[in-house]
Amino acid sequence: MSTTAPKKKYRSQKAAKRASLAASYVVLTILSLIWIIPILWIVLTAFRNDLNESGEIIGTVTSNFFPNRPGFQNFADLFTFKMNGVEFVFLRWMGNTLLVSVVCCILSTFLILSVAYCISKLRFKMRKGFMKFSMILGLFPGFMSMIAIYYLLKSIGLSGNPDNPALSLVGLMIAYSAGAGMGFQVAKGFFDVIPNSLVESAKLDGCTNFKIFWKIILPLSKPIIIYTALMAFTGPWMDFIFAKVIIGSTNTAYWTVSVGLYSMLYSDKGNPDYFTKFAAGCVMVGIPITALFMFLQRYYVEGVTAGAVKG
Amino acid sequence: MAGLTLKHIYKVYENGHKAVNDFNINIEDKEFIVFVGPSGCGKSTTLRMIAGLEEITAGDLFIGDTLVNDMEPKDRDIAMVFQNYALYPHMSVYENMAFGLRNRKVPEEVIKEKVLNAAKILDIEDYLDRKPKAMSGGQRQRVALGRAIVRDPKVFLLDEPLSNLDAKLRAQMRTEITKLHKSLGTTFIYVTHDQVEAMTMGTRIVVMKLGYVQQIDTPMNLYNKPYNKFVAGFIGTPQMNFFNVRLNRVKDKVEVIFANGNVITVPYEVVAKAPDKYLHSGVEVILGVRPDHVQVSEKKTGLCGVVNVVEHLGNECIIYADLEGNVENAEEKAEEGMSKANSITIKTIEGIEVNQGDKIYLALDPHRIHLFDKETEITIIEEVPHASSFMGKVSAGKLSMFGKSVALPAAVKDALDGKGEVMVDIPPYAVVPGKDFALEVHDVEELGDVRLASLINGDRYLYAIVDKKVKKGDTYEFALHLDKVTFHAGDEVALAPIGEEEALIGTFSKADRRENRERVIDFFYNINGVPVLAPRENGYKMNQVEGNKCYKNNYKFVINRKAIKLAEEGIEGDVKEILDYGYISYAKLDVNGQEILVEAPVGLADSKVYISFAGEDVAVHSLDIDMRIC
Amino acid sequence: MKKTRLLGSFVLFGATVLGLASCGGSENKIVLWVGEESYEFYTQACKEYLEANTDFGFTVEVKSQDTGTAAAQVIADATAAADVFTVAHDNIGKLVQGKYVKPITNEELTNQINADNPQPFIDVAYSSLAGEKQLYASPYISQALFLMYDKRSVSDTQAASFEGLAEAAKAKGAKVKGWTVTGTDGFNFSFTVLARNNETKATSLKLFEGGVKTKGSCWFQGDDEVASMKWVQKALKDPNGMMWASDAGWYQDIQNGATVSVIGGAWHFKTFSNSVGSENVGIAKIPTYTLTSETAFGTAAAGTVMRGGTFADCKCFMINARSAGSKYVAEQKLIQYLSSKAIQDKSFIACNNMPAYKGFADKLDMIKKEHPELSDNSIKLARAQSDMGEYGLAQPFINGTLNTYYYSKGGPELYKVMADQYDTSTKKEVFLTDADIQKGLYRIQYIWQHGKEIDEKLIPATLPAEID
Amino acid sequence: MAKAKQIGANKKRNWFLRTWDNFVFKLEEFGKRFVDGSIGTKLSHFVFGAGNFYHKQYIKGALFLLLQVGIILFMVLCPSVNGEYYGYKALVNLALGGSKGGEFDKETGEQLPPSDDKLRLLFGLVTIAVIVIFFIIWLANIKSSYKADLDVKQGKKPTTFIEDLKELLDTRFHLLMLTPTLVAALVFTLLPTIFMICMAFTTYNDFDMTAENTTLFYWNGVNNFVYMFTGQSQLGKEISARFFPVLGWTFLWAIFATFTCYFGGIILAILINKKGLMGKKIFRTAFVLTIAIPQFISLLAVRNLFSSYGPVNTLLQNMGLISEPIGFFGLNDNDNEILAKVMVIVINMWLGIPYTMLMTSGILMNIPTDLYEAGQIDGASKTKMFWKITLPYVIFVTTPYLIGSFIGNINSFNTIFLLTGGGPTYSGYKAGGTDLLVTWLYKLTIENGEYNTGAVIGIMTFIITATITLITYTRSKAYNEEDTFQ
């Protein structure tokens, strides 16, 4: 019945919406796949126990994405993995890193929060000076100071000490936490959001500054406390340059897990055959940290936005 | 329970912005003072300075009679209710109210009793264990009040506490706060931008604009006798109508000529106190009349308009009308804040049959009109008129006025010889009992501690401050203190009056001296190299406000002329001339380039003279920013 | 200044004072660094030694530290380094010059070193500091490059010559390469630099001959070298010829069949056998290559058969400079035991370390009989390394500064650019003509003799030319 | 009131004059304090804590005294670590510079190990820091005893130690909170940074045995900088040839890395936060995964994924797109440098986008929705709304972050180091194709021990980042409104 006047072609809002939604679903799935593939590949490699002709497990990178013969052998080897004559070295690395990250988490969170509170809520003579000082110091590339820090710690026997190498872990803790205080910007961004009238009414109620911090500010800053603790905790798990210099490349038993994993492949003792073990190690390290992240994601997002907005 | 005194309080931020300028007030105990004004006028800053949350740049703040400038907020024994209530979100209502007392180590049972008592007053007993999040705005507002009450402080500070509430709740809370003030009997200082709250709650109101105090007075005085156009426009709703008009005196009536040609007349009595120059339609002035003082009249009046919009509010109605008469560019003429040259608002009781398009005649209540100077926007009908001006003839060293002629003292004679006709502005305090002139007393007004008499001189009045004895109808014999009078010849000033104060530029310094093995520091004002010992607390204040700069910068020292004496030695000044005003004579001195007048005997011969004054009489003003330091 | 700042700095300062006391090596422990592959063996050896000599007076702690980077560790932080450590002999110069090591003074040890070792190793062990020669190192492992090939694709005869390797590779695939090298530093691809005439075993190369740095002691512009360079340039272009190790590493190139053989040392053997499977491991001397009309030059006429050469190197024990008193004496006794012939044999049996002492090759068959459990691969390994001895050249070593000239300062990198005929910084084809090649070799020789590159303009027009 | 002529109105004294005045003023005040202070104060100029003892503040007095004795012992006894001295000897060594190394120990005639000259420079700086602290403590102890004098003069009792501690919890609370971080920052950040800066003015170079004299370390003024730009020394030539190409690439990298991640993150956030889209949580978790995994694991995973025999190369070969494996990350010498740079930026997007996406989603949540409704009514199309409402709002809010991330990217080390290790190496030069200033600095210092040249590069990087920060930061809104908004 083409006689009726042609319907004015305008896309009904509902149709347009559905089409654009469909398009974004497709795009998003592709993008998520792209983001997931490398991680998926490492996890799959961790479970790959393909054999070469002579029946041994192929440890190197191979062309197949999916394992022909999945199994837990790599993890088993990882536990008994020996490097530089040190038995069960991977477990020791995990232990060392856990110890360092727990101590750093406590120390750094305390330092960051105390500095952030001071800069955000207290007014004192050298306040702008301190902020500029911390900004400028942040601009220097860190490598050169690594050597100086190594020698500073060495002079108080906390690193490169042949008698008790375990002390270099203490040295690493100090080195990580020492710099933490200067990274107060994100926490300060969060404290700025807490209304000043709360602090002022507490002052009128006769509180000392300490009491205001302890009784009023801290109870209200659960998200930023968790964000800072999370960042401080995951720090030692990610750094592999600094730790190697402080602990020393011959001190294998006291390495952190990141230094260990990196050395498995790319140091002079590295061997491409260890790649599957490396993948297993990555999975072992990745799982706890990812779980922590997913669990605390809400606070992480809050920290990120608070920091970013105030800068 | 205590009063408050603020003397010359200034607040200047580092970037030079002057938030509060020369704030002076003396608050009695149990008063309910309201600071009102548009946002950014410095009202909250002043409140925060009283609370100690903001540092006072200069000036003295007394609570009771103790100086509290440097005292910690918690020691000032004041309580404050914040605009956003500032309740601790993680504490229950009970803990919120008890927090202050716990800090002061008050025993738990006393706290419990006080909190419950306060809760009863504000009937929030059954919310005591709730968290602030779980309560409405009004309830939270009450908790904030409760928190202040339990402290039973000397002074109660409230920073726009009702601005976050809805209209109905706001009205209800207004009455509750006023009731609270009555029951507690504490001094309240209340900050708001809502003039309705100010008018309904305050015993006295401070109107502020851009950091300057416009007027401090009771609500009714503000309503009826606004000091300037801003206060008039700010107080009262709907807003006062303003028109640019000219005044022309015709015998005992004064014609008010509108820009669009309408003319109305008011009795001369109403504008008697206005300076004469306004009354000859030479100068444009601003006429202000409140909508409630404009009535729709049956019979024809000089003012008529066409009804534009009518708003019925139940018990009264508001009519917006356009005045008739051709005004070429009515739109442009209306500056900011002025109602368009030809539109007027009228508030009348309900029941008047008026609807859009009707032509109505309007009658202004002559006794409720206000007139403001166009430039300064200050009212021209001041309670105590600034000055009354009359013509006078000068010939052969004699001045003939008021039907009499009197010999002129030397100083005036030299200034006026050959001027002939002069216009003389005579301030009320320049008329003193004496033999030179006599006029009949038309009326005497009692204005607080001042008695103002209006003396008839032809068709105008000379206003004079008189003592108890003078009554209506007497003939008052008086003389004129010519040094306080201004003589105009043509349009430039032939002889200006002599002010009360003198200003000298100098520096500030300190010196140590040993007094029984102790180091004692003295502070000095140095003018022209001559040190004058300054009071010690001024020295501390200078250091506090200006820091180390105080010993480097120059300052303006303002001294009351009465306090300046001639002495053997002191600040050297060379005499330029002697001004003899008959009852008093002055020496005009040049103190290294700065010219000042000092009381001096007529016969003073020597050309070089030394003047001295006491440090206590000196007020130090900063030169960089217009601020009185101490 | 506020009071609390003092508390903070006081606490830190106190820590510094206290910390100092705890530092410094403890007295009665000797720390020994050995290569990772022989870590177990030497731990066991030291245990046996201590049981045998109860009056030794020191405990010994063995740690594993790659011999390649041991020297760098010592220089970086001498106090944190071991008391006795093992380095490849090319590091001796640096360590002696920087006074990080102590000379060997023990009479018996000196005699053992002079008696057991071949002359090139002895020359290397002595070094001069401030003019006076002293014994610093005790060799215990010898090394030489050799060929490792995948027997599944290369027959033993093909492994004898590079042309054979190319042929085997061609059979496997159009793009399969004949052989690769394990690294691009001066040592690992020096087989063409050190190539010799297969029969006469002579070469026109002179590398600090007689261990002196005089005008004539270096010569790199000989016809053999030019011919070898032209040969290696062609080999790199040949689809089945030579390839550099890929980013994934030579190990994966073999495993994935990109190449069929690799030239490497004993320390690559374990990884190589893992990648192809121990039964497919083939070992041979470095193959020969025959010059063709394209690759011939001057006296190195077409048809001459050259064989790739190698450095005859050794790993040695050295003593940390901080050793003193009775510990210093004990350390030398321990070195004497660990570098004795008997222990060297045991270490060969346990972890394929090629002994350094003279005449080991002849004992090979006897050892094979006594230790049937030894795989014939390890025997072949030993055989290949000792055969290469004739074609080997002990790395030149005059004093600390010398071998860093040879080894670095752009020498090896320039050689590689010549071989690739492509300069990555200028993105242009270079060294295409014989004259360019001679100019390149001249520049490398200049580096050997002066430790820095010569300015382009100063190169004389007619080459080859003497350099003083 | 006769208007007094404005003579001598204060002209604005510039900053230097003002600081000079303050300094002179403080000096006079110091002199006066000595003259009229109590005996205790006078004594405290020489013996720390004397003033406090005089005023019966025993604990405080004891603390000051202990500090003085401790520092003097430190300076005189020169404690030594591995043969390197603190104390006055360190100062002497620092001034002399240049260690002959290998002196012979007098008693045993043994040859001493060479003094490690890095330590010499460091211990010299530590000693100078101790002297500065000594000076600060000296001033503090005088001021504290003078304050006690004033208290006595005004009839008050001098503050007891407990009162001082209480004061710490209130009026001087910021001191208590900042001191640990400040001390840590001074010792572990400032001192090492100064160490680095000084290093640029010495000949210090771990492995350069070619130096004729064997002194490893002596001050040679600005030669390092001169060498670098004129290429006199062989090393200088090498550095100057590569400095500007590397600088150019560092900027290119910072710009690309920052803006790709920034806009990528915004677009992704908008996609995910589209109304009516289900499964937001799942999608976001997929992306957040890359932030959760430690960076070095994900980067090494990607590096091996793209290696010659890894899945990607094999896939491309099977599909016939390429004949032999491509070196994506310039790990082999003659790989394509441009490809390496592009790949590094793409992988950096893979790492950076989730972070900005999270941040933007947080911000998108609090864009007032009525803006969009108004837009819809005005008939604005989806894209118009993006350009006119969403983008301007997000950009306005996140400008401080943008600046921060730009600076971060100039110093971003992991991505380049782990993926390309500096990219296709240039024959003879240390800086490779994709080397940033930071990775090049790492190669120079940690790998090759050329500390002085590394320090020069480090200082150059600082100067560049500092100028950018100053220009953008001071003009940005965040700086001047920093504390007014609260």
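What to note about this one:
Each chain gets a letter, A, B, C and D, in the order it is written, and its residues are counted from 1.
Convention: a contact is a pair of C-beta atoms (placed from the backbone, for glycine too) under 8 Å apart; a residue touches a chain by one contact, two chains touch by 3 or more.
Please read all numbers here as calculations on a predicted model, not as lab measurements.
When every chain is reduced to the mean of its CA atoms, the largest separation from chain B belongs to C.
Chains A-D form the pair with the most C-beta pairs in contact. Rounded to a whole number, the gap between the C-alpha centres of chain B and chain D is 56 angstrom.
Centre to centre, using the average C-alpha position, chain A and chain B are separated by 63 Å.
Centre-to-centre separation of chain B and chain C, using mean CA positions: 97 Å.
The geometric centre of chain C is 41 Å away from that of chain D, both derived from CA atoms. Shared interface positions of chain D, i.e. residues touching 2 or more other chains, are given as 81, 126, 176, 180, 182, 187, 307, 309-310.
In chain A, the residues touching two or more other chains are 60-61, 63, 154-155, 195, 211. The set of chain C residues that touch two or more partner chains comprises 16, 20, 23, 77, 79, 248, 252, 255-256. Looking at which chains touch one another, you get A-B, A-C, A-D, B-D, C-D.
In the complex of the two chains, the chain D residues touching chain B come out as 1-10, 13, 21-22, 25, 32, 36, 153.
For chain B in complex with chain A, the touching residues are 51, 53, 73-74, 78-80, 82-84, 86, 88-90, 99-100, 103-104, 147.
Contacts from chain A toward chain C in the complex involve residues 52-54, 56, 58-61, 63, 84-85, 154-158, 160-163, 248-250, 268-269, 271-273.
Residues of chain D that touch chain A in their complex: 81, 118-119, 122-123, 126, 169-171, 173-174, 176-178, 180-182, 184-185, 187-193, 195-196, 199, 268, 271-272, 274, 276-277, 283, 285-298, 300-302, 304-305, 307, 309-311, 313-315, 350, 354-355, 358-359, 361-363, 382, 397-401, 403-404, 407, 411, 413, 437-438, 441-442, 445-446, 451, 454-455, 458, 461-462, 465-466, 469, 473, 478, 485-486.
On the chain A side of its complex with chain D, the touching residues are 17, 20-21, 24-25, 27-28, 31-32, 34-39, 41-42, 60-65, 111, 114-115, 117-118, 120, 122, 124, 130, 134-137, 139-141, 143-149, 151-152, 154-155, 174-175, 177-179, 181-182, 185, 192, 195-196, 208-211, 213, 234, 237-238, 240-241, 245, 258, 261-262, 265, 275, 278-279, 282, 285-286, 289-290, 292-294, 297, 300-302, 304-305, 307-311.
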